[in-house]
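Structures for review follow.
Two complexes come next, and they have one chain in common, chain A, joined by chain B in the first and chain C in the second.
Showing the complex of A and B:
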């Protein structure tokens, strides 16, 4: 056990070192900004996977991220609340709206939930589009200020105007959020969620309040979507309600694809999927128009030939390897 | 609201014309959903490609509009059969996989349309010029022809499902896959047929919409959403529900922006759907 703990600690230190060193080694603002967006996407996809723990697939996760983004940006711009509270309140707004929608949404069967979340996200986007006095309407919300600078006694004042500093801020917030999501999944609550996914009847029979736990799951996932949205808003300094922009239907599609290509059975799946597909689409920069086709093809091929995603690749390779080496081996029954 | 009566009539007429096109989308979606049990989210892209097929037949090859529409429906039906056989049949029993595959298809088809057809908007030649005057407001003739087509297709589908052997087999397959199998109905054939009919209807809807409105690679998203709302309103697998839901939604789409402005109009479908789900989760005309 202690050896496992040591490995865990070492790997966390290694990961932290990689996260800290990445912008320095890549050394360009362009790559750092890609990393920031990737981090935000990782948080979004991971919270999408939290929903999958109770067996729900959402096509409307960007909708809640939109609530967080506009909420946090507007609180900062119109009310004048500090960023550090506004980002939290942005997430909270998304969570409260999710909780309010949970009852009608969760009463229906799985396929309807997909459909309803899709409709919700599109509705939120259209509200942002057609409420010009609050959200800036079709031109979007512009000139969103960066996070307020913080003063730490020994180091001094840190501002977040530059991409580099924002990267570290995003890295801290995303890592903390991922840690919370991970702990939740491993907690008693996460265990109950999994029971609900396996069998609702079983869950009810052992005294789990299925409706409440599903609602809680939806709320938590939406909270982190809201946080991710707020992070995006203060990074991009502008929000657009256009269908092709950040909060359109296609954005939701990409989130689902990231999740399944990585593999939704393990916590690391969404992270691997997001990193992999971000790299693929960055490598294909010259083929700008062909990018959606490539990502779509990867999604379909993954589903047809490797439904467990990239996370299942080692196991699959091991199986192929065994088949290659020992083709005629008989399976022996354990006595 | 003291708007003149013509504005209201105009709003309702416009809404109804589009509502009928959404009915065609919803019929295809509900057919696919109830027989195959999958959510076909690439249906909007089938609609878009169908419209482009008609456009190219009409404009590049000079085919008559009605013939072009027929060609487009056949092409998309064949495309649907291929989709069903190679993409959806292997993963039919799962929940997540068909959704992801249809989303992947959405990306591929939309991306291909951007590459192949370009981003600028085009228009299929108008069905008819001029307009009637009805209750003091102008009703364009092309909309009436489009609605006529939609109604005719709906009636054909209804007759097919009620009167023909294959139609009855499809209904049986939708009601109980195992039961249909026991009576010697091939479920794979039924799935292919559902997909073919659904895609042909989407192609027809796309063509008609393309002749009224504009063609663009992203034209399919909106009708897909409308079709899904109609299914929730009318209830899964119900022709009558889809028709009435579509007309209802069309009228709402026409009237609410005029009465309350676009912000309320964008919220209306979600609110209506939530109310319906709270009162009648199976939809207005659905059954368990």
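Showing the complex of A and C:
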């Protein structure tokens, strides 16, 4: 037990060191900015997986991200609230809207839920598109200020207008959010989510209020989608309601692909999937127009040959290895 | 006063009356059989008592509370447990975890666990673990505690279904064909368990079952449904001699007149 704890602590320290050292070793603003977007995507995909814990797939996760993004940005720009409160309120707005929609939405399952969320996200996007007085309309919301600087007694004042500093800010917020999601999954609440995914009828008949627990799950998942959106807004300093941009349908599809390729059965799946596919699309930057095809091909290959995603790769490799090296044992027939 | 009172209960599916004008009283500590030919409405009655179907007319009173309009999870909280017809289990969980899921009513939400582990929670978990093992010993699954539930053979899966229901601390068990697809010994074991629950803990059961011989051996009282109506009620031995019941099962003898 204590040995396991030690390994856990060491790997957390190692991970933290990697996260801190990455922008320094890569040494370019370009790569650091890729990492920021990647971190935001990890949070989005992980929160999408939280919803999967009760058996739902959403094609509208970017919609709640949009609420968080516009919400936080507008609160900062029009009301003058500090970033540190605005980002939280952005997430909260997404959560409240999700909670209001949860009861009608979660009554349906499977493809119907997927369609409802897809249409909801598109509705949010079109509202942002056709409400120019508030959201800047088709031009988008521009000149979103960076987070307010903070002053720490010993270190001094830290500003967040450089990519490098924003990277560390995003790393802290994303890590903290992931930690909460991780612990939630392992709490008794997370256990109930698993139970509900296994069998809703049986969950009900042991006294679990299935609708409420699913609504809570949807709300929490949407909260973190909102936080991810807000992080994006203050990083990019501009939001666009175009269908090809951050909040369009294609973005939602990518989130699901990240999750499936990484593997949804484990918490680390979405993280691995997002990192892997971000790297693939960056390394193939020269082939920009073929990117959807490549990502699609990777998704199809993963689903065909590794239905459990990249997270199941070690197990797969072990299996293949055994098949290759060990000859089939002959079954002796009793004579 | 009976534990469960059903008054004038009816359920229509469009023009079809699946159950109509049903009155039943089930007393505390009774094993009550609900039998009848296929399509007689037995499972519909069970679904209405369990709350997965809401009746079109009538009342269901449990203890001294009208539960007709309560959702299933609230009925479970009041002490009604359902053992489903097919092997409805938590498929991704182990045998032990299945029982722990049944205990959920005894444990809280766990929001504080996100940031730190409270010792009281740990202690509570240990107690629940012990209790779960006790239940598993009762249904004779303690040695399979760490196996995945879906890997159990059919008879054991049914026993696990019973164990989950036990974990909810229910007073009233709704057993939908608990003996289907079981071998002779497994049937005996299951019947024994249901009897032990009655004798040891005063648990009331409503059993829907096709195996008439088992029903006669197991139940204290039986009601026979045909086309959604109760055609007979009484001790098992009386009921099977009732001409109306024989007619419902075998049809009318045409040249009897």
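One rule holds for everything that comes next: the second predicted complex is superposed on the first by the 328 of 335 C-alpha atoms of A that agree within 3 Å, B and C clash if a C-alpha of one lies under 4 Å from a C-alpha of the other, contacts with A are read in each partner's own complex, and residues count from 1 in each chain.
The rule we apply is simple: a contact is a pair of C-beta atoms (placed from the backbone, for glycine too) under 8 Å apart; a residue touches a chain by one contact, two chains touch by 3 or more.
Quick caveat, the model's predicted, so the values are computed rather than measured.
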item: Clash-or-fit label for the pair chain B, chain C on chain A; value: fit
item: Dominant toucher of chain A (residue count), chain B or chain C; value: B
item: Partner chain(s) touched by A:174 [first = chain B, second = chain C, both, neither]; value: neither
item: Touching partner for A:311 - first (chain B), second (chain C), both, neither; value: neither
item: Contacts of A:163 with chain B and chain C, given as first, second, both or neither; value: neither
item: Which of chain B and chain C A:210 touches, first, second, both or neither; value: second
item: Chain B, chain C and vertex chain A (Cα centres) - angle in steps of 10°; value: 80
item: First, second, both or neither for A:194, with chain B first and chain C second; value: second
item: Minimum C-alpha spacing, chains overlaid - chain B and chain C, in Å; value: 12
item: Complex contact set, residues of chain A against chain B; value: 52, 55, 57, 59, 101, 104-105, 107-108, 110-112, 114-116, 118-120, 122-123, 126-127, 129-131, 243-244, 249-250, 253, 256-257, 260, 264, 289-293, 295-300, 302-304, 307
item: Residues of chain C defined as touching chain A within the complex; value: 50-52, 71-74, 76-77, 81-82, 84, 88-93, 100-102, 104-105, 107-111, 113-115, 164-165, 167-168
item: Chain A-facing residues of chain B, complex; value: 33, 39, 41, 87, 90-91, 94-97, 99-101, 103-108, 110-112, 114-115, 218, 221, 225, 228-229, 231-232, 261-263, 265-267, 269-270, 273-274, 277-278, 281
item: Chain A - residues contacting chain C, complex; value: 180, 183-184, 186-192, 194-195, 197-199, 201-210
